[in-house]
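First the structure, in the form of structure tokens, and then the observations on it.
Read from first to last, the chains carry the letters A, B, C and D; within each, the first residue is number 1.
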Amino acid sequence: MSLLELRDLAVRHGDTALVDVADISVKSGQALTIVGESGSGKSLLAHAVMGTITTGLAVEGTMSLDGVHYDLADRANRKHHWGRELALLPQEPALALDPTMRVRDQVAEGAPGFRSRRKAALRRAEDTLGRLNLGHAARAWPHTLSGGMAQRVAYAAATIGGARVLIVDEPTKGLDRDSLDQLADLLTEHVATGGLLITITHDLHLARKLGGELLVMRDAIIVERGPADRVLTTPEHDYTRRLVAAEPSRWQYEWLASPLADATADPAAEPLVAAEKLAKSYGDTELFRDISLEIRPGERWALAGPSGVGKTTLGNLLLRLGAPDEGTVRHHNAVAGGRLQKLYQDPALSFPARVRLTDAMRDIVRRHGVPPGRVESLMATLGLPESLLHRLPGQVSGGELQRLAIVRAMLLEPALVFADEATSRLDLLTQERTMDCLMSELTRTGCALLLVTHDRELATAVADHHLRLDQAVHPVAVP
Amino acid sequence: MGRFTRTGVTTGLVAVLMASAACGSGEAARSDSDTLRIAGPFEVHSLDPASSDGFFTRLQVVETLVSSDLRGELMPGLATSWEDSRGTRSWTFQLPEDVRFHDGTPVTPDAVAASLKAAADEAASPLADAPVERITPVASGVRFDLAEPYPTLPAVLTHYSTAALAPASYDDNGEVTEVIGTGPYEVERVELPASIEVARFDGWRGEQPAIERVRFQAAGRAESRALMAVSDQADVVFGLEPAGQQRVDAADGVRMESALQPRTLLLKVNNDHPILGDVRVRQALSLALDREGMAEAVLREAELAATQLLPPSLRTWHQPGLDPLDHDPDAARDLLAEAGWTPGDGGTMQRDGTPLRLTLTTYPDRPELPALATAIQAALAEIGVELEVDVTNSSAIPAGHEDGSLELGLFARHFALVADPLVSVAETFAPEGDDWGVLGWRDAEMTTAIEELFTQPAAEQAAAHRARIAETVQRELPLIPVAWYRMNAAVTDRVDGFVLDPLERTWRITDLSWAGQN
Amino acid sequence: MSGTQRQLVAAVLLRRAGQAVGVALVVSVLCFAVVRQLPGDAAYRIAAGRYGDDLVDADSAAAVRAELGLDRSAWQQLGDWLVDLLRLDFGRSLVTSRPVVAEVGYYLLGTLQLTAVALGLAIVIGGLAGVLAARCPGGWLDHMTTAWVALVRALPPFLLGLLLILVLSVHLGLLPAVGHGSSSSLVLPALTLAVGLSGLIARVTRDTVVEITRSEHVRFARTKGLTERLVLARHALRNAGVVLVPYLGVQAAILIEGVVVVESLFAWQGLGHALVHAVFWRDVPVLQATALVLALLVVAINTVVDLAVLGLDPRPRKREVLA
Amino acid sequence: MLVVIAAFAIIGPLILPDPAAQDLGRYLEAPSASEPLGRDDYGRSVLARLAHATRLSLVFAALCVGTALVLGTSAGIASAWFGGWADAALRGISEVFVALPALLVVLLFAALAADGSLWTLYIGLALVQWVEYFRVVRARSSLVLGSPAVEAASLLRLGPVHVLRRHLWPELRPLVTTLAALGMVTCILAVSTLGFIKVGLRPPRAELGLMVTEGFPFYDVAPWMSVAPVAVLFLITACFLGLRRSEVTT
């Protein structure tokens, strides 16, 4: 029975406390999950334990692992445990894998005795990959892996050294539900075989699957702790309550899609966008074929499916941002002249990076003769302070910037907005807020929506027309 | 595709270094102790005597029929003796017996005649300018038949382009592929364009020289050569610039040797030019030049300032009694005023609205030329002459001569390319002009004097002719002399007996010996 | 090597071969055309090159003109050259009358030796300094390399070479200052070039290594339990190579073309030297052949760089965004 | 610092004596109170020549770099913008220029004008340098033009001027300034290099690069002749490198 205990853990930047936690203990056989919004300090906590926290921050506290004490202020005293006792499964596995090395070699180098017995290590890596159903990918390059596969390869590489303590940092970014479930199974297995697991996430679904102990962090401190199922079903702290309610399946808004009737759409209306028998492939990989659909004014479409199936590509074809290999896309006059807008997954990339937002906005106002005051009033509606405009895009948080992008899109009174994973990088509460803003504006103006997402719940909550793209080339249209 | 690891990189680098080291280690290993190392500025372009710039004559690999001593007096070269007949219209040169080329083949009249014919066919060779009708091998020598009397033929045959090569030196097309001569040294290795190695030729008919091997290395930069001289990386270094000479003077174990050359740095003037055709303008230009100052600043030797065209090293031609060329800007301005030039805008003289603007063409092969041009430019600006300096290729001067576009040309004229300066002087003042001589200037008295000299008059008469020539040039200034020329060499104390040949025909390696060995 | 990789290699080779042919044609014609436009009579220039300033005159120029057929029409001369080129006959130098192939081959060898050793030295010096500087960004070594870059950029290579001669050759007597052909005489010119280049290489290496060591995958490699050396060798250097190899390719191309000053100072015989003389003397065949060789060398270097990057980095060049 | 150099280059020539005025009697005079940088091999004031040279060099280099920059940048943007055959053609031209030995281009251009005029050198150097700008600008421009921001701008129908002004130029400016800053120094050194192989000599021109070359033979007896221009070059380089640092924030 192993035990990891953290006492009086604090991370400070100058006088500001970024993490301030009195005690945490992790027992083998029971997962520990820390949830919270971005900026709550949960990732810093993980890195403080690991000893990989940036040098600019001051760390205090002690850690004891099976009775051995470590001063957390000394980053180096756990270094010899890395890979052997302590392992970290990083965020964004696609970036964590060396792009110039084959999968098997990257996994093998973490194996004990890699330097002296290379052959044995490579065999072991192949075994490990085989157990994770990745035997076929042993000699593959990382860029050929899907997000879920990369996540599992990173898991193999992190755990091959046999570390008991596994720290998982935000593993859900960009992962679709199926990959997430596979990961949850792996983590559960790690716990079941006696490992210690600390998971940092903002995904309540994952927290629910892992079970065990749940910690809710906000502004550097733990606001609520307890068994996962208890906290997630009957949250006590107000913040936890809001967090739980922010899951799309629990949303309660007027603009929610009603399963009963299609209220806004008029079947007789001319379609804004009409696509016929679209097909597209990249190189030898065929993404989809034979896709036909028509989007009418006011309709809300969702394109769902796992990552890599060509959802964004299809959306771009519908906006005529790319050319299909086969088939045609026709646009109605109602969407001419900028009345087709798009929201991007990373809003920071959708604004000119080195130009102040006020200049970027002013260009639109001038070009399209937008009535004065419209920007400000829209911003006020969406709860954005005007002072944001004086910053550069990089200086504004993701949620606020995405709302600014909504403001920008609405300035041209569009007939159709294409939201391309527009909230997938945002945490739950921010996602809720952003979607509320977007949907309220769409409802108000009767604008149609094309939503691309890998989040089924979000799609269900928002859209009344669904198109699922699966690994299989042929789409499944759900009315 | 190989792994990019640290070991891989290191191995690769070591391999590269070793490979490049291996490709030259053979020569480097040879000991330097018995080798005389010579460095000079010019590169060896070709093995052909005419285009070889005399390297193989200087290294004493090949010999010309006639040689010359330090004062320029003719003496036997490969030929043991010579005599003329038909009033210098025929010349016969006797070849020594039992002499062999370096490849062991005997030196026959046929072989020598063939070499000479090749030289006569080479337009650049002075021999091509001689009215040669026939070159025939005779019993024990070679006979020249000429179209007209030609008393200076032996002098012409001192020129390096007329050296004798073995028949095996030529390929089927008549190109020289190997230098096989008769001199005391034979070629060991030639790596065009920068290095030649020669070794003592055991079959040399004369006394065995003391120096066993010689290696010549061309080094284009004077700075590099000076460093070679002071760091004992060369025994004899030619062509140092003043700064380098100072360095050598200050260093131990190496000394400067120098000799006045029969070469003059001069301004060639286009006498057909509307401005320069006026002798007063030419005189004004000459008076504007502070020759001593220039010689001191550029050549570091005020005595090199030319007081007349022909330098003192041409003993019979130099006229010590002649009034020297002066520096007198005021007189120069007066002369210009006399010629109708008045001060105009910005200090430049002008006449009828045309400014006194001239272009001087020179070339960088000899570093003192652009330097002197800069000084001349400043000197002429003093008297209101605006001078553009165009530093270009040496051929721009003969080309400009040919089409008449040249205004002023600055170059170094060699007056003893062949041992007798008369040949060069006659060429320089040819009435029809000469590429490296006068342009658009002729003088009946001058022409007669030269013609007279060719008839080999008595010594006294000849002296009078020469004096007249010198006076005419001094008065008319069809060429404006600037400075004389001193050639120099840095020589280590390792060698004894070093003497500079002012005619640059040979480096006289056979006269050298290692210090302390005799 | 997988099938797709073989295809990629073939594609690179094919593209570069096409470039080589195009460049060869353009370079030949361009050289020829420009040389025709140059002022001055080519026959005089050639005669001056052959016989030196004492012997060049109207007669020798006329003889040169007749011998070389310089009075043929431009089209005829160009056509003849291109035909000969197809037969791989580069002709003879107008000045030295030696076959151009032998002449340019000789200079090429010199250039390649010098470039290879200089580049090797520069990589060793610059690479080491860069990697060490990257270990502590903002440290003294880091500042040193910055100052080094500024100094070397401001110092003409001939002054740098002179300093090296003074120190290593004159004062210490370790190496010969001038010469060609022996390995010891190669060291100084190569070192001059290497010192000039190493500052830049150090700078780029440092930036690259710093960036890579901050990358996610290197941090992950550390937490896998790899030692610093293993991380550097297995991850940092290889990825740095992806950035550095193209950079070194560019530098190699510059070295090959631009070392004329160093060649002249150290009397090392290389292509730069040949090029300068060929332009000066209007030695068109040598000029064309030299330019051709230089151009093809650049293409060859680019090919090697392409292949090396292909080997180092398996990612497709044009990344399409899939979502 | 750059201001000081610029002031020296602008004011110096006005107040200092004629840089071509020779005083052959005082050649290679060592620095003194009246002549702080000494005299050169013709007895000319090194300080006066330095001021003129700095001005000429800066103007010349700025012209070269400016031309190359305008040429390369516009070609690079055009190439990335229009793609297709325009891109292919421009890329083809640039590849030829890359493979064309820079030295050859400069030598040939320098030889075109027989009188050693700086204009031909200028064209030659500009022709050699534009490719660098082209390649860098093209690569960055295609990234920027392919970015979501530009896609959004096109959906917002903001037009090409907006894209140039708000997207391309802010991204390209730091890159191009870095290149240009280093290009200035490269230009001056290139002239020096050419001077070393006797190209571009035209007395009594005072130019920084040529001054280094002219001073070189006297490194031993009159080090001030080469140290002075090298020092100015070093300062210019250091300034430009410093500029680059403050420019590039990321």
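One rule holds in what follows: a residue touches a chain if its C-beta (ideal position, glycine included) is under 8 Å from a C-beta of that chain, and two chains touch if they have at least 3 such contacts.
Since the model is a prediction, treat every value here as computed from it, not as a measurement.
Chemist: Name whichever of B-D and A-D has more C-beta pairs touching across its two chains.
Modeler: B-D
Chemist: Identify the chain whose mean C-alpha position lies nearest to the mean of all protein C-alpha atoms shown.
Modeler: Central by C-alpha mean position: chain C.
Chemist: Looking at C-alpha means, what's the farthest chain from subunit D?
Modeler: A
Chemist: What whole-number Å value describes the gap between the mean CA coordinates of subunit A and subunit C?
Modeler: Roughly 48 Å separates the two chain centres.
Chemist: Report the inter-centroid distance (CA atoms only) between subunit B and subunit D in whole Å.
Modeler: The computed centroid separation for subunit B versus subunit D comes out at 40 Å.
Chemist: Can you give the whole-Å distance between the Cα centres of subunit A and subunit B?
Modeler: From the centre of subunit A to the centre of subunit B is 84 Å.
Chemist: Could you say which residues in subunit A touch two or more other chains, in rising order?
Modeler: Residue numbers touching two or more other chains: none in subunit A.
Chemist: What parts of subunit D, by residue number, touch at least two of the other chains?
Modeler: 114, 216, 219
Chemist: Multi-chain contacts in subunit C: which residues touch at least two other chains?
Modeler: Expected reply: 40, 162, 234, 238, 264, 312.
Chemist: Show me, using the given definition of touch, all chain pairs that touch one another.
Modeler: A-C, A-D, B-C, B-D, C-D
Chemist: Could you list, by residue number, the parts of subunit C that touch subunit A in their complex?
Modeler: Residue list for subunit C touching subunit A: 215-226, 230, 234-235, 238-239, 242, 312-316, 320-323.
Chemist: Report the residues of subunit B in contact with subunit C in the complex, numbered from low to high.
Modeler: The contact residues of subunit B facing subunit C are 1-6, 9, 13, 16-17, 20-25, 27-28, 39, 42, 45-46, 48, 50-51, 53, 122-125, 128-129, 161, 175, 191-195, 217-221, 223-225, 227-228, 230-233, 363, 365-366, 392-396, 398-399, 401-402, 411-412, 414, 417, 434-436.
Chemist: List the residues on subunit A that touch subunit C in their complex, please.
Modeler: Touching subunit C from subunit A are residues 50, 52, 82-84, 86-88, 90-92, 95-101, 109-110, 115, 141, 143, 154, 157-158, 161, 282, 287, 307-308, 310-313, 345, 420-421, 452.
Chemist: Within the complex, which stretch of subunit C touches subunit D?
Modeler: Going through subunit C, the ones touching subunit D are 19, 22-23, 26-27, 30-31, 34-35, 37-40, 146, 149-151, 153-159, 162, 253-254, 257-258, 260-261, 264, 272, 275-276, 279, 287, 290-291, 294-296, 298-299, 302.
Chemist: Could you pull out which subunit B residues touch subunit D in their complex?
Modeler: Residues in contact with subunit D: 222-223, 241, 243-244, 246-247, 290, 293-294, 296-298, 359, 364, 367, 370-371, 373-375, 377-379, 381, 388-392, 396.
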